[in-house]
Structures are given as structure tokens and as C-alpha cells.
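Chain lettering (A, B, C and D) follows the sequence in which the chains are written, and residue indices restart at 1 in each chain.
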Amino acid sequence: MAQISLDDLNAMDGPGFMRALGDIFEHAPWVAEAVAAARPFRSLAALHDAMTRAVRATDAQTRRALIAGHPDLAGKAARAGTLTAASEAEQSSAGLDRLSEEEFAQFHRLNDAYRSKFGLPFIICVRRHTKDSILRQFERRLQNGVAAETKAALTEVFRIGALRLDQRVEAHDRLKVHGRLSTHVLDTHAGHPAAGVTIELLELPVHGEPRLIAKATTNLDGRSDQPLIGGRPIPIGRYELRFHVGDYFARLGTPQGDPPFLDVVPVQFAVAEPEGHYHVPLLVTPWSYSTYRGS
Amino acid sequence: MAQISLDDLNAMDGPGFMRALGDIFEHAPWVAEAVAAARPFRSLAALHDAMTRAVRATDAQTRRALIAGHPDLAGKAARAGTLTAASEAEQSSAGLDRLSEEEFAQFHRLNDAYRSKFGLPFIICVRRHTKDSILRQFERRLQNGVAAETKAALTEVFRIGALRLDQRVEAHDRLKVHGRLSTHVLDTHAGHPAAGVTIELLELPVHGEPRLIAKATTNLDGRSDQPLIGGRPIPIGRYELRFHVGDYFARLGTPQGDPPFLDVVPVQFAVAEPEGHYHVPLLVTPWSYSTYRGS
Amino acid sequence: MAQISLDDLNAMDGPGFMRALGDIFEHAPWVAEAVAAARPFRSLAALHDAMTRAVRATDAQTRRALIAGHPDLAGKAARAGTLTAASEAEQSSAGLDRLSEEEFAQFHRLNDAYRSKFGLPFIICVRRHTKDSILRQFERRLQNGVAAETKAALTEVFRIGALRLDQRVEAHDRLKVHGRLSTHVLDTHAGHPAAGVTIELLELPVHGEPRLIAKATTNLDGRSDQPLIGGRPIPIGRYELRFHVGDYFARLGTPQGDPPFLDVVPVQFAVAEPEGHYHVPLLVTPWSYSTYRGS
Amino acid sequence: MAQISLDDLNAMDGPGFMRALGDIFEHAPWVAEAVAAARPFRSLAALHDAMTRAVRATDAQTRRALIAGHPDLAGKAARAGTLTAASEAEQSSAGLDRLSEEEFAQFHRLNDAYRSKFGLPFIICVRRHTKDSILRQFERRLQNGVAAETKAALTEVFRIGALRLDQRVEAHDRLKVHGRLSTHVLDTHAGHPAAGVTIELLELPVHGEPRLIAKATTNLDGRSDQPLIGGRPIPIGRYELRFHVGDYFARLGTPQGDPPFLDVVPVQFAVAEPEGHYHVPLLVTPWSYSTYRGS
């Protein structure tokens, strides 16, 4: 669905507003309906705030129905192709549409266990997760009592709504739903930024092969022109940056041994805060390097 | 064959000396014979020196015959089980007895090309190499002219002899045929050596799976009790050290994110000098690390 | 003199233009006169370029007279108070108005030696230098032949003119006459920027006491709100950054020994490129730190 | 007094034993007397242990007299030259014989305050301290209650005795009374130890000028041949290592800016554990360096 401006949303008639935002909360157009009369909203944050307050203002049964309206993760709806468009895109982002038979069976078992304990589908804002962290959250939340788990599920419902809203509506402000993963390479042998270094970013699943998710070449300032991940949450999970410094020093004619002591430098790290800023630079000579979580 | 002391070698009768050192140079007992009368030797270095001078003192044809007496690498003799014991152990050290069909074919092609160009087997001191670096040397030396290649082959013959001699003879001195690969882990978060860190050393072949070649746990001084490689050449090739720092910081209760920002820290590097000392330490906090070729 | 916009300069009558830019080149209003008819200039760079071309287009005698029109450094004119306002401010920036008797005598000797060799005053763009680097340049350039030294002097005349022009004229572009010195502090013990760290920047003269030239406290991003030096050349010379990390870690309650292993961390470095960007950060735990020339 | 071997001590007659060890505890020969009959001692540790047990076995009054037998720090006995030889050498080691009038007055005030509160001289093992840390301990211990302070004083008496005993007696074991301060310099630009680097170690008093206490040049392994401080406690205090890396890189012809970005690298740190091992290395390129408390 195309983006729409906050100004336009504020000016629309009721049916238009419902068409625009009726699906922000899954199968719950009543949330949009509840805030339509409170227009105009001065900011996206104010609109999102109104919607979450509308949900919190309802009774427990309504909130439970809101939760119940979500599909299972990697469930039968996904296989049958009956997900809403938003849900389908979300589940695909974490690779839930590419599960092995074994993983599918694991999700199935967890879904069943969760439903039989809580009588509800397991809800998680999948854009903030990799497959591995979804499974970890799943295991953990299965240990919750009903009250804690209801609260946890609602938090996820709000996160899903915030991401959808931020994608849908253009405004002067943004919701705090995006992280950033960036790097830079400093050549401490020559004392200047390392330009022309190839960098790969891979996701490292617990099982299975690493998956390339971004590739860049450093510019004259030793940075990638764009963040490696930006404008979206960084899925919780493990990653590897691969810095091709052997080729870089070879182009400069810097002595580095034969074969070079360093060639492709792997830096493995985990992301725990999807909305955080992860700056993971490399300070490098042909014989040494440092890396750190910077800012 | 058991070790023998330099003193005993100096005191032996001629046949005993020949039994002890006749096979130091492959199929060339005449080298030992040539130096027997020069006894006593005051050091292993003096003995080795005498043997190499004996080889250099011969005519070109004899030296060529010395080279010709060596078996092909991964050749038919190896498959047929007709290698000398020394050659068999040497070829096995670089994994030449575990080649895939494809690799075997590649060696076969290179052996043929080499023999048809130089009329000799390709000689290399395999204990100083991994399979990958043997193949690289093979390709490079095929480009040599006859004079340069004869010199290169003789250098390898001497290296093989020196290693055999150093293994065979016990003396107050050692030949400079051994390298050392060591590491230590410093916890710069707490300001002391990191004890109890699991470290793995893997060989990284260009093709195929990494191969675990050493494993250690750091002691109270942050070091492994023994060097990861010592008392032998470090084969030229690429390696990965894997430092399990996530477990270490978890045991100490050091805050490190969930999942931890760092967990297993991989450090990949190449060895270019088999007789060198490679000290590759890790200075680490839960949020940063440095590594370098130290001493 | 107040700033004037490039647009206004382009629109002015001749006398107004001369009043505005007649003193950009010391005692040489003819340079401005020579370019007045070439107006309008589209950029400050184009204006500066026209002026330098006007100088280069003249004969050797005129250029020599331009050089001759400059005052001695720390000379009698300075003591007598007969410098142009621009020259006075410039000489003061490098501390030439605060010389000891000994230093004054040294300048006097060098001025005399230079005049007797070249028949001209020694010219240098003092805003790009500390007292120490002026003396060093003085000694070096005294070794020059006439041709090389005339070229060197003219380069300095252009640098002085560029700085004056950039200060005087407001335009959409700036001349490349400014450097930047900045820092940031990263707490690699906690894995985030170090906020609230006091930082001092001192100039380190070869003789005499260090001189405090900037002081800042790091913000939430571990940086100073303003660069420590910006909007002007960084004088060539030696500097010390002093990072008060002991107080910082004490406020956080981070264990650091008694007395703390680190307290005030001094980082000494030299600036060689006054128009360069020097970013000199500190990565620090209570037990370790790194610094480097970054970007 | 000359060293004596533990074996000789074990074999001596009583008067000889008393002559050898009667002054280990200040003005308290009865301590040596108390242990003479327990000979032979198998180790220096066993001898020291016996002596401390002999002191602890006495009544409070005797222990108080033992404490009372010590001279004031920087007191009248020192000025009058009536200290025991051991006390004189000890007080000189911390510079207590080189106090300014102001510092002498400060010690005088503290001595008086301490005597009027506890009726005893203030005892501290001065070889473990700089002047600054003695003053800091003095201020702190003045806050103690009588019981805590008596315990603190006795601890110092034992430390003094242990150091005297370790100096006096030669045995197969040593008491744990010595620290070690060492460094090494690694050139991470070239990937090998930095040889020929001049290193100075200075003590940094709170007031007054830094005092050079050791100077060394790195050997081929990038280390000083001897530890900068060894075979004695490292006085608690602040220090500066000065690494002359600019000269080093200049000799190698390594490009490093003009003037060099780094020249003399100062590393300031405090020692808090006189018997600890402080290894403070420098990893350095012309554009970056790291340092840390290593092992």
C-alpha cells in the first residue's frame, strides 16, 4: 500500500481514514475507528500514542481478541497462503517462509504448546528478530505465567503496529522503530581512512549456512555510503562483518607477508537492541587490528 | 628410529654411523659416508653443515641424482605404499595421504608437467607446508628456469635433511627448523589475564572444511600451558584461532548484552615463515578486542 | 572590519570594492584593482583565484615589491605598534607579541640574516604556525636559493590573502583554509560513549610551559559539542590532549584500583597539516586505552 | 650487612644467630631469640613465619613496645642522624630525606597528631610507598580506631621485617615482597618488536618535578634487558613511561609526518600493589598506539 501523508490523514473523511489505517492492527479496524475523531494529530508519535491508548482502554476480553486475531508463526495459514499481506511480508523477513522441515516441525510443536497453555497464538514482532531469536523468545515466553505473557504479547502487538504505521504514514517525525548498523575502516599503517575496502555483512544462523545480507565498498572517508542496515529494525541475532583488507593493502603495495598475515578479517557480533545504533569499525594494519562497539 | 646422541655418533664405528644417518638424505647414504671421517662433530649444526658441504662439493650429475632419488608428492609410490618411512610420515603431515580424487588428479598433472619440463620429481619440504601452499609453490616453481629450479630443489633437500637430522640426533644444540605459535588472552575489562578461556586452532584450507589442529584452555596467566604449535615447523597456510570469550565473561558475571555482543571471537591469519615465532594474542572486553602479530 | 557578502561585492562601485578588499594583500591595493573589472565572481574561490592570477601575471619586480611590503616578524614595527591591523592580529595569534627577550633576539638574528641574504623580509602565514614551527621554517628557508625562496614567499603571501579573504567575505563557498581538531571518548569497558569526560587541549612549546587552548566536556555521544579547533587553521606544532578518565570511571563506580591505574590520560601529537582534519579519539577502560589519528 | 645463607643460620651458635638476625625487627632482638631454638628452618618462609608467630604470641604490651621502638617518619631522629642503618636506608628510599621545609612541617604535624591520638609513632613500610602515598596513608590511618590501627601498624612491622629478612638471608626460596614493572614495544606498522626504542620511567609526585628513576633501550625482542623495577617493591604512586618512538621510526625511515604525528609517547599510570607485576606495553604505529596493564 502506498504511503500517505499525515496531513492527508488528518483531512480525510472517516471511510478514507479507515481504508488507510484499518489494518495497522491485525484484523482490528476498531483501533483506527477509535481514534478517527481525535484528529488532527500533530505528529506520527501522537497518532501512534492515541492508538495504543485506545487498545489499553478496552476490556481484557477485547484485548485478548486482538491478540487472538494474529496468525500463527510459520503456521498453517502461511502454508495455505491465507495470511494478510502485512503478515506475509513480516514472516518472510525473518525467513519463516524458508524453514526446513525440521524447523517447521519445531515451530509447529511450539505453536501447539503455546496454544494449549495460553489458548492464543504466539505473537512476536518478527521484523525485530532472526529465526534463531524468535525460537529463543518462544522457548522463554512459554515459561511465562498468563499475566506476564499477556503483557508481553501486547507489547509485540504495539511494536508490529508502530512499524506498520511508520511505513504507511509520511510525517515530519518518525517513530523510534529503526536501528542502524554501520562501520568504517581506518588504515592505522598509513594514518588515513581505508578507501576501497570490500565489506560483507552476513547473518549467522545457529544452524545452516551464513547468509549474505549486505555488501559495500568503503568510500574516501573509509565508510560505506549507506549504513549496512538502516531504516528498519536490526533483527536480533548474530552477524559477521568480513573486511577484505588483504586486497586493500595489496593495491597500496603495503608489505604484508606472503601469504599476507591478514586477508579477510571476520568480525562476529550479536545485535540485542533492534532499535540501537551499532557502529562496528575496524582499525587495521597488515599485522594488527582492533574492533569495538562504537557510536 | 630411536634418537641417538651426538656423543654416541662421534664414538661409533663406520657401519654404525651409516646405520644411524644413512637415510638422512633420501636414497643417498653417500652423504653420511662423506662426513664420517670428519668426526667428532662438536654440535648438530657442525654435523649438518658438513653434510650440506659434502653435497655441494659433488658434481652437478651427482646432485641431480640426489634430487631424482626423491619420490613424487602424492604420487604412485605413495598409493602403492613403497615410500621410505620418512617420506611417508612427511607426506602424511601435510595431508597428502588424504587427497580427494580431484586434488590427486591436480597433483598428478603438476607432477607430470614438472617431470616433462625438468626431468625430475618436484621436491619440497612438506613439513613446512599445508596442501594449499604446496600447490602454490608447485605452480610457482614450474615457472622457474632450470638453474633457479635446481637451486630451489636443493634448498628443499637440505631442509628435509635438517629436519630429519634434528629429529634423529640429540645434542646440546638444535637446528633452526622449528617455529612456534602461541597466544594469550588479556581481559582489559577487569585488567588481568583471562583464565579458563577455551581456544581452538583450526587450519583453513582454500577448499574444504576447517580442520581443528589444537585446543587449549588458558591458565592463570592467560596463556596455554604449551604453545599451540611448537617443536616443529608451522606449515605455511591460513589458520583461525577461536576464542570463547562469551562463556568466559558469563562465568565472571560481566554484563555483555543478551545475546552477548561478542561470543566466539575468530581471528584468521596466515603463517609465511614456518620457523618463525607467531604470537597472536587477544585483548578483549565484552565490547571490543584487539589482536596483532606479537613476539 | 565587518564581513561583506560576495553579492554586495559584485554589485559595488569601484571605490567601494577597493575599500572592501584593498588590504587583502599587504600594502598592495593594486591586486584588488586588477580584478575589479572581472566581476561578477560566482564564488569566493573564483575571486581568490583571480587575485592570485593577477599577482602571477605581474613582472618579477612587482612581485618582489609585494613581498617587500610585509613587515618583519616580531620586528621593530611590531614593537613600535605600526603594523597594519591585519598583521598585528596575525602575529599575535602565534604568540609573537609575547616573546621572551631571548626569543625576540633569536627572531632579530634570523630577520637580519634573511634580509642580508635575500634583501627582503621573511614572510610566513603565521596563522598556520606556532612560534616553534615559525622558527623551524625560518631556519629551513634560510638555506633556500633565491628562486626557491621567492616561490616559497609567494606561497605564503597567497595563504595570508586567502585567510583574510575568507574572513572578510561571506559566500556560499569557503576557501580551503580551515582545519579541524576533534576527539571522542568511547568507554569500551561499558560499551558506550563516555559522557561527561573533561578534556583539555594544550599547546606544547619546545621551551616554556604548556598553554591551555581549549577545554570541553564530552556529551552523551562522547564528543565535544564543538570541535576543539575549527573554523581556522590548526597551527603546526605539538599538542597534548588530557582526558580525565579517572574521575569519569569513579562517577560510574567502575572498579579501577586505588589509586586508579589510569587517571588523566595524556595524548601528545603534532599537527603538520593546518588545513587537515585531525580526529584523535580515546578508547578506554580503567586498564587500557588506544588512540589514533582518525577521520 | 653482608648476606648470610639459611644453611649457615641453621648451623650457627646462639650469639652468631643473634648477631645475624637481631635487628630484623627494629630494637627487638627478642624476636630472633624466640625462634633460635626452633632451628633448623627449611625455608625462608618458615623462618619468617616463625618470627611473626613469635610476635603474635606475646602480650599486647610487648607488641605495643615493639611498635613504639620504631622511629618517626622524617622525624627528629632522621634529622639528628640517630636512625638505625636499616631505618635510614628505608626512609631515604621514599625520599623522606629530601623533603622541602613545607613537607617536613606536614610530616611533623601528622606525627604529632598521630602520637597524641595513639601514643605511638606512625609505622609504615616505606619501601612500598612514595612520599605521596605515605601522606595519603597517614591521613587515612589517623581516622582509625585504636584496635584497627594497632592491627595496621603490626602489618607494617611484619612487612618491614619480611623485606629486611629477604635482603639478609640467601635461601632457595624468596619471600613475596618484590614487585616487577616491565614493558615492551611492538611496532604494529612493521609487524615486529621495536628494537632500539629509548624508554624513560619517571615518578610523578603530586607536587614538584617528575623524577627519572629508570632508563632503558629496547632489545631485539622489544623489551628492556632488565625489568624497569624488579627485586624490590614498586612504591605505590604515579608513574610515567616515556617511549621515544619518533626517533625509532625516523631511524627506520617510516613515513610519519613533519613534524611526526607521534614523537615521545607518555603513558601515565599508578601502581597500587607494590608486590604486583605491572607490565605496561606499547603497541605503536606512527599514527596510533595502545597500552594496557598486561601480565
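By definition in this document, a residue touches a chain if its C-beta (ideal position, glycine included) is under 8 Å from a C-beta of that chain, and two chains touch if they have at least 3 such contacts.
Only a predicted model underlies this, so the values are computations on that prediction, with no experimental measurement involved.
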- Any chains in contact with both chain B and chain C? A, D
- Item | Chain pair, C-D or A-D, that carries the greater number of C-beta contacts | C-D
- Task: Between chain A and chain B, two touching copies, which fits better, same or different residues at the interface, with half of the numbers shared as the threshold?
- Result: same
- Query: What whole-number Å value describes the gap between the mean CA coordinates of chain C and chain D?
  - Reply: 48
- Can you check how far apart chain A and chain D are, centre to centre, with Cα atoms defining each centre and the answer in Å? 57
- chain C: which residues touch two or more other chains? 188, 191, 257, 261, 283, 287-288, 290, 292-293
- Quick one: do these chains touch in a line, a ring, a star, all-to-all (complete), or other? complete
- Task: Provide the residue numbers of chain A that touch chain C in the complex, in ascending order.
- Result: 184, 186, 188, 191-193, 221-222, 283, 290, 292-295
- Message: List the residues on chain D that touch chain C in their complex, please.
- Response: 133, 236-238, 257-266, 268-270, 272, 287-293
- Message: Considering only the defined contacts, which chain C positions touch chain B in the complex?
- Response: 188-191, 257, 261, 283, 285-288, 290
